[in-house]
Structure formats: C-alpha cells, structure tokens
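Labels A, B and C are assigned to the chains in the order they are written; within every chain, residues are numbered from 1.
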Amino acid sequence: MTLFGYKLPNMSSLILWGILWEIVGQIELTFFLPPLSEIFATLIEIGGTTPFINALKETALAFSIGTFSAICIGVPVGILMGKNQLIDELLLPWVNLFLSAPLTALVPVLMVLFGFGLKSIVITTALFAIWIIVLNSRAGVRQINQSLVEMSKSFGASQLDALTKIYFWAALPEILSGVRIGFIRAVKGVIIGQLLISIVGFGSLFELYASNFLMSHFWAVLIVLFALSFIIAEFLAYLERRVDYYASRR
Amino acid sequence: MLAKHRANILKLISALVVFTAWEIAGRVPVSFAFPTFFESVSAFWALLIDGTMFKAYAETLKPLVIGILISAFFGIGIGLFVGLSRGFDWLVSPIFIVMQTAPLAALIPLLVMAYGIGLTSKVFVVCIMAMPVIVLNTGGAVRNTPANLIEMGEAFLGSRRQVIMKIILPAAFPIIFAGLRLGVSAGFIGAILSELKITPTGVGDIITYSRSIADYPSMYAAIASIIILAVLFLNVLERVENKLLQGSRKPSALD
Amino acid sequence: MTKSTDNAVTVRNVYKNYGSTEALRDLSLDFPRGQLTSLLGPSGCGKTTLLKIIAGLLPATSGEVLVNGEVVKAPGPDRAFVFQDFALMPWASVIRNVAFGLELRGMAKSEREGIAEKYINEVGLSGFEHSYPHELSGGMRQRVGLARALSVDAQVLLMDEPFSAVDEQTRRKFQEDLLGLVKNENKTFIFVTHSIEEAVYVSDQIAILLPRPSRVMEIIRPSGFRHKDVDSIRREPEYLDIVDRIWASLRSYVE
C-alpha cells in the first residue's frame, strides 16, 4: 500500500486500529472494550506482579518443554518416515489422523491421566505441535534431489553420514516451516490446555479477571499473549526465509 | 495380489498394533482412568444404540454448522476484497494475520461475559477460529491470480466484472476451497472447546458427565467419536476437493 | 604393461532388468586407461544406467564390471562421479562442496581444504571458495562438481552428461578444457552424452548405444585429429565425416 508516494510498511494499519480502539474505549461504547491506553497502563501495573510473572513462567516452561519434545521426536520420526517405506506406511495414517483431529477433545483425557498440572499442559502442547513437524520433515526428505543422495553414495558415505550431512540439511527448509506452524499450533495448545484445566498459568489469571470483571486486566494479558505468539511466529518465519535460497533451487 | 493390497494391509496391521497396545495398556492397567479398547468400543456401541450419541451430535453440530456458514460467507467476502484491493489488504489483513497466529481461545471468557453461555457464544467461538484461515487463503489466492491470465482477459476486452467472475474466481477456487477445509478443521476445535469450556452440551456433555461419574469408557468413546467424525468429514472434503480439481495442480493452502 | 591391464574399466555381459523391461542386454565394453570414452546414443538407450552400474550406484541384474581387475560391488574411491545436475549441496560453500568427498573419508579439515583449494584453482574458480552454489552460474556450478570429482584423485572419472545443463558457449569452453584435462591428468574418463558433435570432439573412443534394450552398435575411434589444436578440430574432414556417419546410423532411431 502506498500513500502519497510513500510506501506504508506491512502491519502498520494496526496502529490505525489501535487508535480506533482507543476512541471506542474513550466514548465507552461497550463495557468490554476499555481504552487501549488504560490497558497499557494496567499492563505496566500488573507486569511486575508475582501472579503475572508466575503465569508467564509456567506457560513458558510448558511451552518450551512441549515444543522441544515435539521437535526432538517429530523431526527424527519424520525423517525416518521419509526414508523408510514400511515405517511410512505404518505411521502415516495415524499422523494424518491426528493432524486434522480436533485435539482439544483429548485434553479431558490428559487431565484424568496426568493430573491438573504442568504435565498435562506439556503433553497438550506437544500433541498440538508434533504432527505437522513430522509431516513436514517427511515431505522434506521425500523431495530430496536424488542426485545428492547418489553423490554422497558415490563418495562412499555411510548411512549416518548421509543422514546428518545430506538428508537433514536438504530437508531443513521444510523442517523449519513445519516447526513454525507447529509452534503456532503449540501456542494455541498451551492456552487451550490452561483454559480447560484453568487452575494453572494464564488459565487461572483469566478465570480471576473474568469473574471480577477486570476488563483492562483481561485485555492486558491477552495483548501480551498475542504479541508473544506473533513474535515467535515472525522469528521462525525469518529463520525460514534465511534458508529459502536453497529451498527454491533444488 | 499381496502387493496390490499392501497399503491397506499395512494400515490394518498398524491399526491392530495400536489397538492391541491400547487393550494391553488398559488391562495392566496403566492408570485407573485408562479403560481397555474393548470396554471403550462397547461403551461407544451403547451410546450409539440408545440414541444418546445422535442427540448429542444434533446439539454439537448446531454451533459448528452455523459458525462455519457465517465464516464461509463473510470470510470469502472479506477475502475477495482483500485480494482485489491493495488498500483494503493493508487495512484488514494484519488483523487476520494476528488472529491466525494468536491463541484466540483466550477470548472465550470474554465472549461468555458479553454473550452469555448460550448458542451465540458458541457460534462466535467457531467463527473466530475458522474465519482467519478462510480470509487469508481467499485473499492470497485472489491476489496471486496469474498476471498473464488477467492480461489475457483484458486483452480480449473483458470488463472488470467479467475478469473477476470468469478468470480470477475460477483461478482462485482451489485455494479458497482448501482454506475452507482448514476453516472447518479449526471450527471443530472451536465447537469442542466451547462445549468443554462454556457449557457442557452435546458431546461435551457426555465427556464432562462421564468423567464426573468416572465412567471412563464412555468418556473415551465420546472423545473418539468426535475425533473420528472430524477426520472423516475433513477427509470427505479433501476427496471432493481432489475430484473438483482433477487435472489441475493441487495448490498448497496456508495453515 | 600387459594387455589386460590396458583397460581401466571392463564391462562384461551386463544385463539390467527393471521388472519385466530389459534396459541393458548382454552389454560388453572396454574402457582403455588414460583415454576418454563416450557413451553416445538417443535418449532412453541406457547410457546413464550403464554409467551408474559402473559407478556402483545401481546393481547389474547379471554380468560384471571390473575396475582395475576388481569386480565392482559398490561405489569406491577408484571412481568419481560428475552429475548432470551438478548435485551440489546448496547449504554448503564452494570449498566445502569440493572437499566433501574427502570429508566423507575422514580427512582433517585443513588438509582437505588445502587439496580443495588446489582444484578450485585448477578449474578456474579461485576467489569463489566461500561463495554458495546459488550465487554461481550454471557453468561455474559444474566446475565445482568437476573440482569435487578431481579432488578425491580417483583414476576413473564418470561424467553423466555433465555439460547438458549449461549454455552453448560455456559448453564449448568446457569441451576444450576437458581435452586439456584428459591430456594432463592421466585419468580414464567415461563420458555420457547425447550430442554427436560433443562426443566426436572430445573422445578417443565412442561407443554408440542403441535403445530398448540397450546394446553396443558400434565403436568408433577417431584418431586423425586427436593431437590437433583444439581450435582446428571442428574443421577436420575426419571430424565432419564421423559426425555425419554417426548421424546417418542413428537417425532412424530418433522418434
């Protein structure tokens, strides 16, 4: 979008929406939308308080353990599926099933199996993230340029060499894009888990603020969450673009 | 003979292995809340026979269907404008991009406060989950119509309206449809989430109720049923998509 | 030197079947040491299949391939392969690509990079050591592929249509350089091509293969102009005669 010959940066319209929000808030159109300025003031106010920091810590911990295990399991499994026909045919139906399944429905099971704490949330997060990571790693390996494989064979590469020096790197763009989508899903998973279990992390904060009608508190937390998830997604997209040059030229 | 059915045989083996593992894990048992496979299947059957399941799904599918229809209508509409107008794209897209990456589930408590615990809130949840992916895919598909096709239309003196109706829309259709499918997938998450979080109705009610009376086989059966339903429905959509797109290259929609 | 060791590579009664299709039938061929032999033929005549069998990348259905008197079972350090599509690792710099064969042999980094440096220099790419393949032109990329094959110091160089993906001018330069390489390096070259002119220009021996199933139709040894200057070969009557003769015998096999 250009305006008076000046190119407006992407996402800059959010500022406009922010201003609109502020106006709607100021004229008190609805109780549920306090002015943005008030929300930011609240954010600064609660940003340093223990409940908020704790919620953030708990969420970050669950998120990192969940996504870390999703990557550690998902990438090797995906690569294995891409390389081995039998494993692929055995696992692919399940991966596809869980990829499109509404995993939210599994949260109650996880709650009764693993309790109302960190463990359930970690598993929810990992479950949300892992399937797309598996599928993308598999796709990355599958579309590998066959002459690269032959090249490594012709120089006498061992299985391990081929795996770590050729397959992994060739699949890296797809793996990264799987990780990015997986992370976006994991953010949703961690929040859905906390909402349903509702006595941990941001889940309990939301419960508290909602039951006390603390609108600006509620929005302050929401904005932090939205911003964090957006930053994570953008950072991974940036990493993905850095390997783009070889994704398109195979 | 064997080679021809290899794929299906392997699928069967794979399923058998998983179900056997489930059965064994249930018999050990790994947890008091982990029923065996056969217990779950018979609970599933019982729910199906006495009609509980059908009543529950009539309830569950209501917000889902309404929400998907609304999202499809407005999502594709907004997406079209996004794709056709640079200014509108600049103005509106960022909101949907943020919605797409953000954990919108967190809005549920707010929606409950604003619209109560009835159908409206649930429809709303389905909409906010399903709409972004539909808008973004439609917008992207329309924006990326091959320039040479549009130029061809203009060279043969097509009006703007003709170019949109006869070139841009058909060219964008595959990705719009794929976006719709992803929207349905997200809508399922929304529908279940709202039944578990807002008020237990339909399948959410079976899950919540059987959990509260520790009838775990029924709980597992209900959960399995919604997962199977969602997967089957999405599979059918994908089949339809492939059927409609025979010959043309399968596009990759953005998730 | 005895007669038998005069051939660096010997192919004896090789058959290759893919299911029920016969790709190679009873193919026997000798490749004299220190010379360049071309495998020439219309597309689908199994030239590349034969080359990959010699490389040890494909198993023969029956028959054997001897390299220096030893039966080929797998790829070995006595052979190096130059790929049609270069097969460069896009994530690795030129020097790492060139040194990759040595890296796989477990040679220390400084040592292998020293050797790689030498061959990068030899193919005329000094200054590009730390560039990445996507920053190079097609011709330069194939020079990297060539340097990689040279750096492992194999006695037999297997080249699979190495110049088919570069433009015509670059190709001519490559052909001239290749003649220099054959003269100076004392290696045995096996060169797959579908260009008659190219084969006649660079080869000491041309094996003409016929398709479906592939077999050797004729072996031609251009001798009159081998010692001539690279610029004058294309004006030699013998060169023109051989090109004409090969075309006359191949034209009926072109669809």
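Following the convention adopted for this analysis, a residue touches a chain if its C-beta (ideal position, glycine included) is under 8 Å from a C-beta of that chain, and two chains touch if they have at least 3 such contacts.
Computed from a predicted structure; not experimentally measured.
The set of chains in contact with subunit B as well as subunit C comprises A. Each chain gets a centre from its C-alpha atoms; the one nearest the centre of all protein C-alpha atoms is A. Put simply, the chain farthest from subunit B by mean CA position is C. This structure's chain pair with the greatest number of C-beta contacts is A-B.
Between subunit B and subunit C the centroid-to-centroid distance comes to 54 Å (mean Cα coordinates, whole Å).
Between the CA-based centres of subunit A and subunit B the separation comes to 18 Å, rounded to the whole angstrom. If you average the Cα atoms of subunit A and of subunit C, the two centres end up 49 Å apart. Shared interface positions of subunit C, i.e. residues touching 2 or more other chains, are not present. By the touch criterion given at the top, residues 6-7, 10-11, 13-15, 17-18, 31, 33-34, 86-87, 89-95, 97-98, 100-110, 112-114, 185, 188-189, 191-193, 196-197, 203, 207-208, 211, 216, 219-220, 223, 226-227, 230-231, 234-235, 255 of subunit B touch subunit A in their complex. Of all residues in subunit A, those touching subunit C in their complex are 145, 147-148, 150-158, 161, 165-166, 169-170, 172, 243, 245-246, 249-250.
Every residue of subunit A that touches subunit B in the complex is listed here, in rising order: 1, 8, 10-14, 16-17, 30, 32, 86, 89-91, 93-94, 97, 100-109, 112-113, 132, 181, 184, 187-188, 190-192, 195-196, 202, 206-207, 209-210, 213, 218, 221-222, 225-226, 229-230, 233. The touching residues of subunit C, when paired with subunit A in their complex, are 52, 55-57, 74-77, 79-81, 83-87, 89-92, 100-101, 103-105, 132-134, 152.
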